[in-house]
Amino acid sequence: MVDVTVSLGANKYGKAENRVVRIVRDTPRHEIIDLNVTSQLRGEQLLDSYLTGNNALVVATDTQKNTIFAFAKEYGVPSVEEFLLRLGDHFVGSFEWIEGGLWQAEQYDWERIVVDGAPHDHSFVRKGQGTRLAAVQKVDGATHVTGGVKDLVVLKSTGSEFSGFPRDRYTTLVETDDRVMATSVTGRWRFLPEAVEAGIDYNGLYAEVTAVLLATFASVHSLALQQTLFEMGKAAIEARPEIAEVRFAMPNKHHFVYDLSPFGLENPNEVFHADDRPYGLIEGTVVRDGAAPAPDAWLDLPTFV
Amino acid sequence: MVDVTVSLGANKYGKAENRVVRIVRDTPRHEIIDLNVTSQLRGEQLLDSYLTGNNALVVATDTQKNTIFAFAKEYGVPSVEEFLLRLGDHFVGSFEWIEGGLWQAEQYDWERIVVDGAPHDHSFVRKGQGTRLAAVQKVDGATHVTGGVKDLVVLKSTGSEFSGFPRDRYTTLVETDDRVMATSVTGRWRFLPEAVEAGIDYNGLYAEVTAVLLATFASVHSLALQQTLFEMGKAAIEARPEIAEVRFAMPNKHHFVYDLSPFGLENPNEVFHADDRPYGLIEGTVVRDGAAPAPDAWLDLPTFV
Amino acid sequence: MVDVTVSLGANKYGKAENRVVRIVRDTPRHEIIDLNVTSQLRGEQLLDSYLTGNNALVVATDTQKNTIFAFAKEYGVPSVEEFLLRLGDHFVGSFEWIEGGLWQAEQYDWERIVVDGAPHDHSFVRKGQGTRLAAVQKVDGATHVTGGVKDLVVLKSTGSEFSGFPRDRYTTLVETDDRVMATSVTGRWRFLPEAVEAGIDYNGLYAEVTAVLLATFASVHSLALQQTLFEMGKAAIEARPEIAEVRFAMPNKHHFVYDLSPFGLENPNEVFHADDRPYGLIEGTVVRDGAAPAPDAWLDLPTFV
Amino acid sequence: MVDVTVSLGANKYGKAENRVVRIVRDTPRHEIIDLNVTSQLRGEQLLDSYLTGNNALVVATDTQKNTIFAFAKEYGVPSVEEFLLRLGDHFVGSFEWIEGGLWQAEQYDWERIVVDGAPHDHSFVRKGQGTRLAAVQKVDGATHVTGGVKDLVVLKSTGSEFSGFPRDRYTTLVETDDRVMATSVTGRWRFLPEAVEAGIDYNGLYAEVTAVLLATFASVHSLALQQTLFEMGKAAIEARPEIAEVRFAMPNKHHFVYDLSPFGLENPNEVFHADDRPYGLIEGTVVRDGAAPAPDAWLDLPTFV
């Protein structure tokens, strides 16, 4: 054909969305850990698999899957972050040509079903409020750990304004000092490397941070979703010294006051239409002053959309 | 063309998925009611709109939408069932040629966000556990009301068996006396007409019935999902005299024991793969003895899949 | 507890969404048939499985799955309707206590990839336009067969009006003699029993009927979506003598003229916002005069939403 | 609380998923352009909106939406890439404090409906095969343009092997010299800045590149999905001198040979189960030798998952 030469750039490969459910049944009071795990590997020497189809160094995606399930038995899942850390250490430690990778998970919370006022030993109902996120990234010899949450849908029915914005030819939006504000929070927090090294109570931290995010959303009188976002990140960092930074993606899920005036009715912020699309989309990062930046930690992570 | 003549059979039309959010703000402690409402009308005289495009009797779907939003202001939403009843009465009562219809809704529950230990006045987080269902059907002069729930995802990690089934050439399934059983409950309960007439505490009933369904799922030692389904319906009918019958669709969401033997590991029901498809699908109706049957109540309702 | 007795009403059970892909590779020019098959059984004697968990008559859902895959090899898939007919005959014929059931499928079309102007022998790209539907219902000794299509998204940019509708207090809609009309067609056609008996070229019929539906949507000057729906059903019945009736569910996917007047721009039906929700929802059945009605054929089929 | 200080890191904001449909009706033969457009802005001076809720510089997301719809009228949509370029130029050019942003779109193709053998003037059916992607990124004074495609689902029923991979304790996968290989291609190609400057026939290029991707997938005898991915990127770059690099994310959509041996049946790659999860996930970039790297072009773009 033509005289064109090409090279391989950034790449990784692995097995995505392994739905591991681990039951801890050492006592009659069972525990359930419900994960969706993705493992992907990187390495310069994997070049040949792309160029010639030589798979001599390709740790099969099927092998990655088997390892995930085997580790759920061999080492258990003390927390999803520790589970991913162990997976990452295994792949980088066991195959010298695997230089790094990205291990991600979603975790679905379950609650015990209540029977006659008592939580049941082995029957559960899925909580459905928020999905826990975790990721371990290994790049250039460094290990980065992030926790997070998504699908945490919140709304405040007052205590939100939006005004003072610039107006141009295409501006029609009316200023408001009272609106419904709703969003579905996606947030990821990066842990300080020294905190990871020292060990973290990841499960306790997740519970505390999500509670702080909710309480801050509720408490802040909002002049803009941007401001609420920043206060939420600030509160999380203040609450837990292990957190270096927090990234958020927050859709502004519009609730429009329905015009009832043609029917002779007033509508003082009582009846709304919840719109699907378009939606505002506010994204921002809140960084602890003095924390060393770590852009590699966020490589290929789908926080911002 | 050819000598073929055709007629119009069953039909209805309306506006689907109106996302009404009603804020009750009479006091500083707001309430939120979050609905997805569908209104559809039926009537023999609507024939002309299909045959000739004569819209003289077609209550516009846009008008149905406006009415839904206006009623949320004019009459409020004491319960979703009562809201749908009022809509149905309005359309059948206001337009003589509208003989009946189907009014359906989903309701999404919200919880108050907790700040400093106290539930907040006007900030909420979506519950995410189960979606409430309601429908009002008007056919041939009768009015039928059903309540329900969907997406109530439950799992028991033991206390479930499956054995004694027949074996043919295509049977490979191994009998088990201990398995994970998980399902996503979709259930609809039809109210006795006399109870509707007398008035029902629909909100209280919904809370009680969903609690009873969960507790029964938890308590029954299951020999088959069919048996669990029947016991759940029986318990709901026993709990509330207003209920004539309960219909369920329950996927058997398979959790397969992962084979760890190639890795020299035992797996005594500890590590599972949660499969997506295929899934078992068990559907059944539990009927109160003596309740008059009402097949019309279920017309076009998507309970069974 | 209380003195309440209950009984089992309508029910069925089986395995849903078996994703069978059948490759015909008798010659180097392969064929691909891509199905999503659901099998469910009914029988009065299955009562015991619900009441006592006695599974002695429960043909396991796993067995139903195995049978589906085995039949794809043993008998092939001449058409999806014939495949489902064979499954139904097998279950009712092999287990005397199985009185009937419902066998459903979706079929995804693939096209050959073109290489150097020629269709490739064994490489395919999924078509993505419309999903074929089929169902076989066995009730009370009768067998009903339906074909269909869903997700056939069509739009006409002119040639659609809506006016002449009644106005009440809640009516604000403006009449229009030129609008965009768009819908996603879901249609199911029931075959005459005598045509099923005589044998039908189901694949050829599907191609012809979908082409007729599209051409009719395009050609009819529409005064209402109801009218278009009726004309489409009429055309299908006129085109193929095997069809007894056609049921449609058609969302009116609203395309709203965007108001550009604040920016000093006219918008003569050129720029639209495609809304998600709410949407109109028009449903109707067109019946061949003289065809015997068969309400059982539609039992539990999700045509109307 | 504690003595913690924080700062704002990376951020952007805007309006997402504006569903613009543009009808070109200058002649009776209409054209349809169907887009889903997201606009987001960046600027250091937007800091205040996050820190204090001062919105004096916040070009409202509603204004961004209005601009998108107005531009669809004022300037039309010669190609989606040119449309996004114009939007980006507008926002950066009109508001001195807006330093950059990201403008993304999906485009849905429509085909004319055929009536009596002729393509109709104003009636269309959505194609459904692949979704076109485009993005314009403005960072640090530079403008980057990418095109792409997603949801292009392909399968080859033979001509695919996978063997020669390393085996460890967790490896159970059997080597194969004949398997079904299927993927859903997501690809994005970055245009050389000098080509953007000179002007590109973006629509013609999209058609050619997608055809080349399909033909290459079909033609390459595959030793691994990695190899196929690389050959597809290479072919795209060879085909069009405007392309600097191509990024792919390709799930390996597993089709497992169903074990029919318990039923006494052979299965020589004829009957498969199409699994949902987990799936392989292969990601890679193919770069034209000599093209200047432009990591900023990919900022926040969701190519790799």
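So that you can tell them apart, the chains are marked A, B, C and D in the order they are listed, and the count of residues begins at 1 in each.
What we mean here is this: a contact is a pair of C-beta atoms (placed from the backbone, for glycine too) under 8 Å apart; a residue touches a chain by one contact, two chains touch by 3 or more.
If you're wondering where the values come from, they're calculated on a predicted model, not measured in any experiment.
*Asks:* Chains in contact with subunit A and with subunit C: which ones?
*Replies:* Per touch definition, common to subunit A and subunit C: B, D.
*Asks:* Among the chains here, which has the CA centroid at the largest distance from subunit C's centroid?
*Replies:* Of all the other chains, the one whose centre lies farthest from subunit C is A.
*Asks:* Specify, for the interface formed by the sequence copies subunit C and subunit D, whether it is same or different in terms of residue numbers shared by both sides, with half as the dividing line.
*Replies:* same
*Asks:* With chain centres defined as C-alpha means, what is the inter-centre distance between subunit C and subunit D in Å?
*Replies:* 31
*Asks:* Any idea how many Å lie between the Cα centroids of subunit B and subunit C?
*Replies:* A distance of 22 Å separates the two centres.
*Asks:* Do you know which subunit C residues sit against two or more other chains?
*Replies:* 18-19, 66, 70, 170, 172, 262-263, 276-277
*Asks:* Spell out the residues on subunit C that touch subunit A in their complex, using ranges where they run on.
*Replies:* Touch residues, subunit C against subunit A: 169-170, 172, 262-264, 276-277.
*Asks:* Give the list of subunit C residues in touch with subunit D in this complex.
*Replies:* On the subunit C side, the touching residues are 18-25, 30, 32, 34, 66, 69-70, 72-74, 110-111, 113-116, 120, 122-130, 151-159, 180, 211, 214-215, 217-219, 255, 258, 260, 262-263, 265-276.
*Asks:* What residues on subunit A touch subunit D, complex-wise?
*Replies:* 1-2, 4-19, 38, 40, 46, 49-63, 65-67, 70, 94-95, 162-168, 170-173, 222-224, 226-227, 229-230, 233-234, 237-238, 245, 247, 251-252, 277-289, 300, 302, 304-305
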